[in-house]
Each structure stands twice: as C-alpha cells, then as structure tokens.
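Before we start, here is the structure in question, set down as structure tokens.
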C-alpha cells in the first residue's frame, strides 16, 4: 500500500507554486522540488485509489489528446489519468503525415478547447518539430484564455516529443525510487542508459534523452553508451552534464556497452535512431522526398545490423552489480526469440524482470494525473486532504 | 461575465413549451420565442460554468454523434455540450461513401439508442438527403420509444444538413447579439452574406442558407450576394423572403459583392458550391459515376477560378459601415497567403477579427447544450435555478 | 414497467457467490442459479433506470473494449452497459488482420488495464482462437493483479467468441422469458434454431452454438436444423445433449427446416458458415494464403446458394404452433427484398416481429451490465437495495 501521509508530508516541504497554471514540457525546465511534487502527488493519488477513495476533482470537463502517431499505451495512460480526475477524454488524431503549423495550429487549438482543462500531446517523430508544436498549441490556448475566447486555460502535458519523454522518465524514476527505497538512496547509483540492437528502424530519441536529462539530477552516475554514429541531441548532453555537476552525480558517454554495464545498479538498454539521421529524415519529409526516405531507412537498418552485439544478454547482465542490476524498459521491448529473431534483450532476462517492468509502467497514469493536478490546483495539499476526509468511494461496496 | 439573472428573466417571458420532447432540425421550424430560449439557456449555462458551477443534469446517459463526413470542430462542439450536461459521447462513423436508408436506418437508430438521450447528426454532403436522413432517424427512435423499445426518446440535434446549419447560425447570431449589445439592436442592421472565392471545391450550402433563413427573422437587412450560377436552394430563399416580411427586415439577392458590402454592419464572405451542381453531384454519387464526379469537380474549380475577385480584401472592407463591419466566418477560412494563395479573405482582415471569430465559435457548444436542455426538460427555468442554488463546483477548489 | 421487487426476491433465493471476481466466458460454465442471477440483476437495473434512478456504482474507472472485428451494435451495447454503471469506455481496435499472441497479449492486457474494472472482448472470426485469446487476456490481468501490477482485477465479459455469444443468447433468453411470462413457462416449449440462406459469407457460429448451449438448460425442446455440411462444433452439440438431459428438455439435430418449424413455439432462422469451413479459413489465414481464402469464399457462396429454400417465409411460419411462433434474430437479418434479393426471412414476417425483435436487442446492455455487476460486487442484493433507497436521479427533473 502506498503511504498517503508520507506523500502529504513530502509535499508540505516542497515549493511547487510555479506549477500552478503552467504546462509540463521538459523535466529540466522544472525545479527539483517540482519534480518531487509530481512523485508525491502521484503517490498520494495512488494511495487514495488503493483505499477505494475517489480522486474525481472535476465534475465535468475534457482532457484532449493529440497524437501525431499511433499509440495504444500512451493513449490509455492519458485516458486513465483523466478518468481518475474526472475528465472525459476526446482524441484528436491528425495523422502522422501532416505537420500542421501556424494559423491552423492556433485555430484548431482554440476550437477544440472550449471545455478543455488539459491537453496531452504526443509528437515525437520529427526533430525540431514536436516540442515546438506543443509550444505553439500551449501559446495558442494561453492567448485564447487571455483574450476571453476560452473560459479556462487548458494546461499542456508533453506525452512525448522529439526532445524529452517526461511522463515516461518520471514514471521510470518513480519506479527506481520505490525499488531502492527512496530518492536519497539513488545518490551514487550507476545507471547504464545504453543503445541496443533492434531490427526496426527510427525509434525516437526521447527516452535516452529524457533519461540522461532526468537521472543526472538525482545524484546518480549516469553513463550513456552507444555505438559511434548513434549520438543523441548535443543540447541534451549539455543539459545532462550541467545537471550532474549541480546534483553531485556524474555523466559520461562511452562507445562500449560493457563499460556502461560494468557494476551498474540499473540498466536501460534500448534502441534508438541516430540524431543526425532523424534530422535528415525530418528534412526529407519536409521536402516530400519519399525516395530519399526509403533510401535512408535502408541505410539505417544496415547500420543497425552492424551492432547486433549490443544486446542485453545474460552475459552482459553478469557484468552488472552482483549480476543483479535492475533492468528498465519503456516497453514494448524487442525480445530475442520472442518478438524478433535478434533484439534488445534476451528472453530470460526480460522474463526475470517482467513484474518490475509492468510496475514501472504502472506509474505513468499517476505521473500524468499528478502533472495535471499540480497545474490545475493552487492548493494541492489541501485538496488531497479534503479528498481523503470526504472519502467518497470510487466503487460503491 | 455572462449575466445569469438576465438570462432567467428573458426565459420567464418566453413560450417554448413546444421544444420539450422535440427535435431541432431547422431554425425556421421554430418560433421566435423558441430561438430566444436557446440563446437564453445558452447564456445561463455559460454563466454557471463561468462561476464554476456544475451544469451536469445527467448522472449517466449517452449522446450519440453520427457523422457522415470528417469533422473535428463539430465533433468537439457536440462532445463539449454533452460533457457539460453529463452525457457521455459515443461516435458512430458511417463513412461518407455509404448512404444508408430505409430498414437499416430504422434498425441502427434503435440499436444504438437504448441508453441515448440525444443524437447529433451531421450529414451535409448530399442535396435532398441529409435532412431527410435526420428525419428518418428521429422518426425511428420516436417510434421505438412509443413501442416500448426505448425507455426514453432520444432527441435529435441537426449538426449540419443539406438545408440548414442551425447550431452554427444560432452561434453566429448569439455572437452578433452580444457584439451589438442585444437582439433589439440588430433591427435594421445590414448583413452581407456573400460568396467568396476558394480554391477548394464543393463546400456545403448550409451556412449561407442557414444565415439567410435565420437573420431575416431578426429584423435585419439581409443581402445575399454571389456570382451568377451560385444560387442557393430556392425554397430557402422563399423562407428568407417570408421571414423578412414578418420581422420588418428585408431580404434581397445581388450579383455584386460591392453592392452587398456597401454600408454593411456585418459581412459573412464564404465560399459555397452552386446548388444545382451539388444536386448533380448527389445524383452522380447515387449512380456511382466517379468519372462524372471527377469531371464535375474540374468544371466547378474552373468556374470558381473565374471569380477570384470575390474576396474580402481591405479595399472591400472599406466599403462597409465606417469601414468597420463585423467580419463573420464559420471557420476554417481560406486566408489569402496563409492557407492558400488566393482565398476568401485577406490575412490582415482575418487577423484583425481573429478574437471575435474565435468568440463566435465559442457559442456553439453552449447553443448545442441549450438545444439539448430545452428538448429534455419540462421546466428549464426551474432546473437552472436549482443548479445555481445547489452550486455544485465543476472543479473542486 | 419492470418489477424491481420481484428481481430482488429472485436474487435472494439464488446462489451466485462464484461469480464475484470471476469472468464470463461461456454460459455452460455457469450454474443455473448464476444465469438466473444475470437475468434478475438485468431486470433490477432496468427497473431502476425506468424509474429514473441512477445505477452508477463506479465513480470512476474504465471499461475496456477490444474488438477484433468491426462492430457497431456490440460496441454500443457494451458502452451503454458501462455508462449505466459509471465506467468510461476506452476502445482498443487491433484490426482483424492481426492475431496477437503470447508475450504481446500479456503485456498489452496489463498496459491498458491500470484503471480498468472490466474488459469486453469480441473475437469471433477464427475457430479455436477467439475464446483462447480471451482466456489469455483474462489470465494476464489476473496474474497482473496478483503480482501487484494492477490494483484491481479487471473482469472479462465475452462479447462474442468462436464458441459462444453469451451476451446475445442471454438477451435472447431474457426476451423469451418475458414474452412467455416466466422461465417456468419455457419448459417443454419447442425452439427451432435453424440455418437460413444468406447471400453473404462466413457468418460466425457463435449464435447457433450459444442458443443450443443455453436453451437446452431451460427444459426446452431444442431442435437444431441445417442443410448437410453446415455442422456446428461437435463439442457444443455434446454440451447441448448433456444440458437437455439434465434439464428435462431435449436436443436433436435435423436436416429439415420443416421438421424444425413444425409446431415450434419459437423460431430462430439465421445463416452461419459450416464449422469445418471456418476452421479451414482460420488455417488459411494463419498461413497467409489469400488465394486459398478467396477460393474458399467462392465455394462457400456457391454452397450457400444451393440452399435458398432455407428461408423463414410466410409458408414456413404457418407450420409453427398456431402459425404464430415467436421469431427471434440477433440482427441485422438478411431480409428478402429489403436488404438483399433473397435472404433469411420474408419482409412481411420480419415486419410483423420488428417490435419484439428490437425489444430482444434491448436486453443486451442490461445483460452485459448485470454480468459486470455480479463480477464486481460481493453483495449485489444489498447494493441494488441501497441504490433504490438512495434514489439518486439519473436525469435531474
């Protein structure tokens, strides 16, 4: 059972005033206290739900989801978070082929937001576009509210962009906080965020970038490992370096998976596409050069295939701390012999960590709900206490 | 802030008994009092929401939406209206290629309506079909309720048909009532409902028809302007003429945009397809003559292109009353140099009216909610007062 | 009006403890008392709704629907049932082309279920797969709950599988119980579950199988009739035989529609594909043999066409008890001269039974809701009484 009182006590010590009325784009735009507030509110909401206490703080209102790509898990996580708080989800699927911009974004954002309290967006496909698009939407509805068009300002939650995947990484962090018995116990722990081979192509960079951007703030020893040519966005590496310095942790990059796994407490082996290639692809899409895209895909698959040895095998796991590093993944993983012939992880490794992996994912709806909660309510502590006192049953029984 | 007490006082003077248990197809099938009741209830609901008071009058129940065409804005407006009242939306997308009829309509209408309190339909593509289809659905569920199949009669809201676009035009009207400081101030005001060039093809006639059918009832000077060959349905022109006579306003048609804009208080420049062409297209679809449709499209685009001078330019705006007519549009507009090379309106004109245009759109969810409210409740005034007294918070805070 | 007190009294006599926390796959896996409990709870919920009393027992929570095939009616029935109880529906459409399995099913089932209280699945296309898939999902979320991944165990409702269509057949039964004035009056009544000609191909076997598997438990004389070659699954025939023996009814198979209709109290003429052909088709899909599938379809349509005399005509109806047997169908029916040239039933027969047919369908949302209710609540009787006493209005008025 999650500890409600601990969560409230934690919250009472934190300064998160800045989150009220604001959006959530990137974890490194938030203060440490604000991140801690997300975890604490997530815990508090979970604790109430575990005790069958309703956390419906909206009697009506919409949560708008905007997906620029197919997404089952993120869709359900967002829908779950909205439902938990009493918002009804309306999906807006624009299709991944279109990149709307300018006037259209401003207008559409307002037209769908008359009753919207929150907007969740996933737009991770195009380098330099996803986060920018989210800002365009957020600016549009902020302005719409100021101009008297919208009665409320819908706050934005980044459900994955080209730069960061904050709801995933905050859920990952909540998971390891729980596994290691507290945030303070993460200090000095080594995490290997490493590339791994996958037979599929063009996986987004937002997870590795999000992980190095967030975990360096927790005083951890963060090692980013990938073959040459699989660099992530240089700006995010800079963020990671600065974060590590400030938190007393460390950040370094290596081209050896073994180096990264050596004595690691946590490993996060996962495929991604090289930043430069993703940028090139974005431009090709912009130019409508489908031939060029096809050619690039072929090249990238061939490039991937040169690094099949980058896999989280049983042998690799033996290199980690006591051979027992915690294995993380955002799921779905490419499991060797299960979902593909050769992939990111051995089936036996994956199997051993299935329950923790599922638990890792279980934090996401609560993290999203917490982000919404903190953006919409001026006194979250008071409101959470009120919910507990009222004790409205979630399920009558 | 919207004035709740004024809305209630207005309602208390009106006779709208006929709306209880009834559907909403065309504005000219409703009495003036009934239209006023829609605006008043829309205001009352908005006033309550602005004060964070819940207007959830349904504890459960479904609002069914039936779209025969893609639609983001109307979908969200209907979803917003339903959510505001406590109904959960279920979409039924039939695809625009199929025109269901007869037995199928009756059966499907009943099968999806066991828990439905309201059905919203958009079917604007085919002349002579859309409104007829709505009536078939409404008749089917009325009969289903009388036969004991349905425990309640779901009432129908026309979300756009081949004849009228009542939720749009009622929202347009609510907007100008607000902008001009009251319904009484609209008497004698000149509105130019004019065709405008667009590079796209086959835009529905429901907006111009809805506008001349509604605004002639408000004692306004309504001028319909279009190039020769862009006639709207003759029956609706007849309606407009009779309305004008009864209301002390006027209605006339002209083939000169300048004539219409001259001294106008309000302009509504918007593209549409000629009625005769839409009728032809409907028949071609009926015959499955895709070659014929392609040919017709080409012809229509060429015909459009002969009238590129029909645009709401800065020069045209100067012709209007003090050069400051209120610019209306149902959105999205074809903006010259923004959404197309040459379109309905200059970018600078559109920019100047963006905030009012967005506000115009903001009335639609409330207008839809008001139509539902008036169809479902025998004593709307009493219920609105009860909601205010109870003062249940929409958002806990 | 449905009788609430009778429903409660019925429930008080029944033993349905086993349903709490359990899934609903096949009617013959449930005891007679359990089936009666479904009908009684369905009646109780309907009675409350008829009196405008809310049956919202969930304040929040999701009902997940998983459709492996397009489905309007089942989708709306499930959505209606969830809405009635306070659950919000989230659809997961996987597309009918993919048969997910193993790891993927386990993972997806958990990932979408963090806030799910119920999962409804329709998967009727592939012999040997649909029911198995449902069990895989149910096992996955049961395990997820035991492992602490899911805070609640979502219970599964079979919305149609390759073996049974329990929500349809339970609704059919509720209908005839009502038409014949009580379950006890069904004893000895003859029902003809017969094949009928349809110009379409590959209709599922779940309805005829569900009907013979359920109605044989009610002490009825169940006759299954079809042309040679249209056999249903042999296992289900075995179930029907055993059921009949236990209930004092009877079950037999005939290749004569006349034989089945002779003196029947109830007729259920409906097309289906031969079991063996469906099995072959499943294998062809598994092998991706699209040529083979095409060929099989052609063969089956030709086979069907040899049995156009298997139709529920006026002449056939004259053979039934007093010429007035109750006509059942799961809808939509292939009506001769209406939805096709030659089909399952004469238009005049269908017309005469339209209202009862629609009523038959109206039981389905309540049957689904009852299945959910009985799986989620330990003391359904107490809860139903509580709902009645509280008397929260469904619609404020």
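Order as written gives the chain letters A, B and C; numbering starts at 1 within each chain.
One rule holds for everything that comes next: contacts are C-beta pairs under 8 Å (C-beta built on N, C-alpha and C of every residue); 3 or more make two chains touch, one makes a residue touch a chain.
Bear in mind that the values here come from a model prediction, so they are computed numbers and not experimental data.
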| item | value |
| --- | --- |
| Shared interface numbering between subunit B and subunit A [over half = same, under half = different] | different |
| Rotational angle, Cα trace of subunit B fitted to subunit C, multiple of 5° | 120 |
| Interchain centroid distance [CA atoms averaged], subunit A/subunit B, Å | 41 |
| Sequence positions of subunit A contacting 2 or more other chains | 88 |
| Complex contacts: residues of subunit C adjacent to subunit B | 46, 49-50, 54-56, 72-73, 75-77, 79-80, 83-84, 86, 88-89, 331-332, 335, 338-339, 355, 358-359, 361-362, 364-365, 392-397 |
| For the subunit C and subunit A complex, residues of the former touching the latter | 57-62, 88, 90, 92, 102-104, 107-108, 110-112, 114-115, 117, 144, 147-151, 376-379, 383, 386 |
